[in-house]
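Same chain, two partners: chain A is paired with chain B first, then with chain C.
Our next item is the complex of A and B:
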């Protein structure tokens, strides 16, 4: 999500599931939608069956998605930057980009400030002590008016720097890095290049196969750059479509599951920020062009103040800077890796887990188990026993040696409560409670509310170092210990404090303390007319419910922002406001207003008016960013090897991996000699993460842990399907069955034969049929991406032996 | 879809778009309250193995993926096919059932009435597709009912409802056959010559109400081809003629033997 925000301004799937049926070409990378998203996959199949769309699947494994794709390319895991880079090079070198679109909607013509350099795998601005880049050094040239200088022919224009950067990604280089034969790559490049025409649209579909790398953010960004060049962003059938890992991950992200943001993607304050002005100076973007709307940056204060009013109510006043001082200003990050690193080092007493099982999901499980053993107490809120609540009896652990006090609080399952799910396409869909809670189970948010109220009582009675944030937090519910999700939804939406009415749009939010909103992007989903997430005007009457015929179904649930179905849709129309492709319009200018989807643009801004805003309203440039300083590891994506890799980077062997990955435990990486095979971890369609080990029908479909072994390697080692094998990395081992297949074959990487081994993740030591399995993540490395700190689950080194 | 008694219904299973997700298996078991067999590792992808009393839909996987760095998928490199009772027009199970437990319903499906079945197992050995098995506890022969109870309630079968890619399509047979031939034309036009329909006409057991679009020869999916897919009791003229000829020869032989004996008797 970091990469999309850094490129387009918002961190979410740009289009929506149903929209994929409008595509002419579907590139699938780092994803296996037929298995991980079978229901959403129907729209890719519709594109194929109804429009004759072509589906290209580049993946380390031939999966159930490849089985129905037009072309499958075996790609070495983690090398998609080289693949996309090769496509970018093909498009630039042959001038296949959508020129009018690129000039209208991207920062191609922006001139980059002097000092920018890229040499031997290193960008300018590197601090070797701290091992970070100073991204501020990747800046634009500003003119005397204070705005960025535009000149697409300037040697340092973004477009020209991009040409120079990507001309190294020749088809030969792509083959050396990825293993995709040059002829096959060129065949795909030809198809991709054709979508730079206004009447063709390509979509890129991806998932955590791109995210779970130390270069994850750049893997995604390289696809985004390609889409901007081809003019496929903002258009129905186009976009960068991130498929989220379960029903409500997008909702989690929106409401700040990640440590670095507050709800609605406001940045977490940093140490030293004394007041809102300090905070805004560091967080809110400033206009870089006179007619850039810079909507987020310009309205940051309204969104923050409305959030503070929601949280601290009467205690947030203009004269105390709306209680800004109550917000935490963490000096260290609280990413997943850092939390468990702290526990491992004995710097954490207790941990509460909800909605996941840390033992299974984190990299380097043996270290995670050790981290949990170092705690004084662990509280797990779940509807089932999990590998976390039972971690003390994991294989290799002697229960009597574990001193951690473990509490399992029975939580309700999602079918036992109402509330909303936000899907990948940003649709907020309300659901009803199906069953009453079983036994003593309580909702997670009730348990947290109860714990909070008890802590508050302690502060009231005994005082404390800084009691105000706890004492002043609003709990505006009928029963503060048992808030209804409906009440919380209303609170998130926000109100006008003058009238007491719920707001219909975030445009009504104010920075003077007269409005509230718990998450500005959700403002408008629950106006006075009712909960719009409950709407269900769908395919029962397409003529009425889908007036444009484009499948927007505006009265089906509600999507953020403002019920817009395709983000950045101003770019779906040409400079004059006419859709690039009249058969697939996003929005169109009718002479007085924009019609079609909810416009991602001022509704009555006349495109003929020179003063009208630039198309990407969320960025300070007003444009999609081909060059961006919103990421920590370079303004242009560059191919780096995984931290554990079988080869040196053919582009710059002396800077093989990214110089800015977050490495916590430097002695837990293996060598090529000891661990000669590449491995990648993944899910299978039959299970969802770890929780379905409690579902008998699914356990029967996929009863036992296995690894997939390339047929050629299996012959070499005398391994047959069903044999027991041991797969080991520097960090741990798995002893499971082998499935021998040609679906994972050998690759030729820079002249060297490389095998990839596939590791499905679903098993452990808790569930119906799991026995005493080690966890798949026992093998994976504890290292994170420079921007997002996402671990490198998808590329590491192992060895395999027959048992 | 309106479901009316008196119309012939069935499944068109288009294997070219099957993604092997097994939603059909789960939906079938959930609706029909099938317990399933104890979990057992098969080959990693197919862990169901076959159709039987507990599995009325089972997805077959046939991995023919070549060891190449670039492959055309298109539903033919890794064959996936959701197998099911074929609801044959010439249903051998019906023919051999001694209690008339197996009937053809008002929806033209083949249905085993559990309260009439005596557990003799004749149908199990007679079924050329091996779809029937006896339930361990009730001792009744079981297989796909085309969700007879759902059809009576105006609902399509559970598997078709759950299939996310419309690989399993339910509907009136006429309509399904039309759809299938259009789909076949499209695939042929897209350069997939090996795509073929199976059981859409009367060449296989008089026609299958659950017919298939296959991406390879029927044998690859463990299905008998048209030459072999005939009941021994019907449409087997050569069989009848041979029997007739054998009988005639036997009578003739008998007569000759009789005359010889008479002659011998006369001699003595």
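Our next item is the complex of A and C:
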């Protein structure tokens, strides 16, 4: 999500599932939607069957997605920057980009400040001591008016720097890095290049096959750059479509169960930010062009103050900076890897896990088990026993040696409570409570609220360290120990404290403490008229429910922001407001207002008016960012090898991996001599991570752990399907059966034969099938992306032996 | 001739009357549904697995003793997302909902113990609250080495939420930040 926010201004799938049917070309990378999102995949098939769209699948494995694709490219895992880079080079070199769109909607013409450099794999601004870049050094040239200088022909224009950066990504180089034969690549490049025309649209679909790398953010940004160049952002059938893998990962990212943000993607303050002014100076973007709307930056204070007012009520006043001092200010990264690193170092006392099992899901499971053993206490809230609740008696662990105190609290299921799920496409869909809680099970939020209220009572009774925020946090629910989700939904929406009315839009939020909103991007989903996420005007009556015929179904649920179905849709129309393709309109200017989808733009801003805002309203540029300093590892994406790789980087062998990967010491990386094969992990259709080990029908369909081994490697090793094999990395091993397959073939990488081994993730030591105690993540490396700190689950080195 | 009839066409034929098989499929379907879900309450929910967000219809009946029985879960044919379709996981959602494998009561495992002990909610929540308070008091930093007010709890982490309702997730964030937590994570990264 970091990468889309750094490029377009918001971190979310830009279009929605049904919209994919409008595409002419579907580029699928780092995803296997036919198996991992089968029902969403129907919209790709509709595009193919109904409008003859072409589907290109680049993946290490030939999957069911590849089976129906028009072209399958076997790619080495983690090298998609080179693949997209080659496509970008093809588009730039042959001037196939959508020129009018690029000028209207991207920062191609922005002049970059002197000092920018890229040499032998290193950008300017590197601090060798701290092993980080100072991204502020990737700046624009500013004119006497204080705004960025525009000159698309300047040698340091973004477009020209981009040409220089990408001219190294020739088809030969793409082949050397990715293993995709040059002729296959060129065939795909030709198809992609054709979508730079106004009447053609390409979509890019991806999932965690792009995010789970030390270069994950740049893998995604590469696709985003290609989409901007081809004019495919903001348009129906276009976009960057991130397929989220859990029912409500989107909603709970929006609501900031993430160390680095507050609800609505406000940044968590840093220690040096001692008041709201300091905080805004570092967090809220400033406009870089006179008619950049810079909506987020300009309104940041309103969103923050409304949040503080929601959380601290009467204790948040103008004269105490709205209790800004109550917000915790982390000194350093506090994401997943850092939680377990702190535990390994004995600095973490307690961990609460809810519907998520650390033992199975994090990288380097053996180290995670050690980390859990180091805790004073662990509280697992779940419907089923998990590999975390049972970690103290995991195979190989002697329970009497584990001093961690463990609680397992029975939680209700999704079907035993109401509330909303936000899907990948940002549709907030309310669900009804179908069943009463089973037995003694309680809702997660009741457990948390009750625990919090008991902590409050302890502080009231005994005092303690800095009790004020615990005592002052608002709990304005009929029963603070058992809040209703409907009450919380209203709190998230927010209200005008003067009138007491719920707000219909975040445009009404104020920075003076007279409004509340728990998450500004959800403001408007629950206005006075009721909860719009409950709406169900669906496809049985398309004439009434889909007035544009574009499949927006505006009265089915509600999507953030403001029920907009396609983000950045101003860019779906030309400078005059006419849709680039009238057969697939997003929004259109009718002479007085914008019509169609809910405009991502002021509703009555006349495109003929020179003063009207630039198209990307969320960025300080007003434009989509081809060049961006919103990422930690470079303003343009660059191919770096995974931290464990079978080859040196053909582009710059002395800077093979990214210099800014988030490494924890001592590292546990293996060498290519000991571990000669590339491995990648993935899901199967029949399982959802680990919880489905408790579902009889699904366990019956996929009963046993296995690894997929390429046929040629299997012949070399004398391995047949069904044989027991040991797969090992520097960190651990699996002993499971082999499935010998031609789905994984050998690749030629920089002249060297490279094999990839496939590892489904779903098994552990808890579930219906006992004895399946192999954790796939025992193999994966404990290292994170520089910007997002996402671990490198998808590319690492292993060895394989027949047992 | 039958082999050339697509499934969709087949169903359409069924809808107007007699199918190529020679019987009225619509009637047959109706009878089956009558047996299964006649008089049932229909509720709208959403699939708990991936993030496509398939809409589900859940059929329940309340017995005279108050027990609510879940009879059937199927795709909602009115949804613009799934149009009634489900994958193997969604189609077996009933087995996730109703299971003999659920955790039955709060469980406690003391340091070094080799077995779980069944405990009351009151015991479990008191234990959790006192652990939170003790760890918070021990690891809370009000001012850092540079004199900055930071008000953070460094010794407790919370992770979870990808299966929460959004409103639960929001409350979790609010409560954890209220306690001063900085280590917060869900499944966006892992």
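Throughout what follows, the second predicted complex is superposed on the first by the 798 of 803 C-alpha atoms of A that agree within 3 Å, B and C clash if a C-alpha of one lies under 4 Å from a C-alpha of the other, contacts with A are read in each partner's own complex, and residues count from 1 in each chain.
Methods note: a residue touches a chain if its C-beta (ideal position, glycine included) is under 8 Å from a C-beta of that chain, and two chains touch if they have at least 3 such contacts.
In this text, all values refer to a predicted model and were calculated from it rather than measured experimentally.
A.B. asks: Which partner does A:206 reach: the first (chain B), the second (chain C), both, or neither?
C.D. replies: neither
A.B. asks: Look at A:140 in the shared chain and tell me whether it touches chain B only, chain C only, both, or neither; answer first, second, both or neither.
C.D. replies: A:140: touches no partner chain.
A.B. asks: Report the partner of chain A that touches more of its residues: chain B or chain C.
C.D. replies: C
A.B. asks: Which holds for A:790: it touches chain B only (first), chain C only (second), both, or neither?
C.D. replies: Touch partner of A:790: chain C, not chain B.
A.B. asks: Quick one: classify A:685 as touching chain B (first), chain C (second), both or neither.
C.D. replies: The answer is both, since A:685 touches chain B and chain C.
A.B. asks: Touch check for A:768: first (chain B), second (chain C), both, or neither?
C.D. replies: A:768 contacts both chain B and chain C.
A.B. asks: Once chain A of both complexes is superposed, is A:601 in touch with chain B (first), chain C (second), both, or neither?
C.D. replies: neither
A.B. asks: If you stack the two complexes on chain A, which partner ends up touching A:696: first (chain B), second (chain C), both, or neither?
C.D. replies: Both partners, chain B and chain C.
A.B. asks: Please work out whether A:42 is in contact with chain B alone, chain C alone, both, or neither, and reply first, second, both or neither.
C.D. replies: both
A.B. asks: Which partner does A:379 contact after superposing on A: first (chain B), second (chain C), both, neither?
C.D. replies: A:379 sits against chain C, while chain B stays out of touch.
A.B. asks: So chain A touches chain B in one structure and chain C in the other; where do those two contact lists coincide?
C.D. replies: Overlap of chain B and chain C footprints on chain A: residues 38-39, 42, 685-686, 696-698, 701, 768.
A.B. asks: Please output the residues of chain A touching chain B within their complex, sorted ascending.
C.D. replies: Contacts found on chain A: 34-35, 38-39, 41-42, 45, 49, 52, 57, 62, 64-74, 179-181, 184, 685-686, 696-704, 706, 708, 711-712, 721-722, 737, 739, 741-743, 745-748, 768-769.
A.B. asks: Under the stated contact criterion, what part of chain B meets chain A in this complex?
C.D. replies: 16-23, 25-26, 29-30, 36-41, 43-45, 47-48, 63, 65-75, 77-78, 80, 164-166, 190
A.B. asks: Which residues of chain C touch chain A in their complex?
C.D. replies: Result: residues 43-55, 58, 60, 68, 70, 76-83, 85-90, 92-93, 95-97, 99, 101-114, 116, 121, 124-133, 135-140, 142, 144, 146, 148-175, 177-190 of chain C touch chain A.
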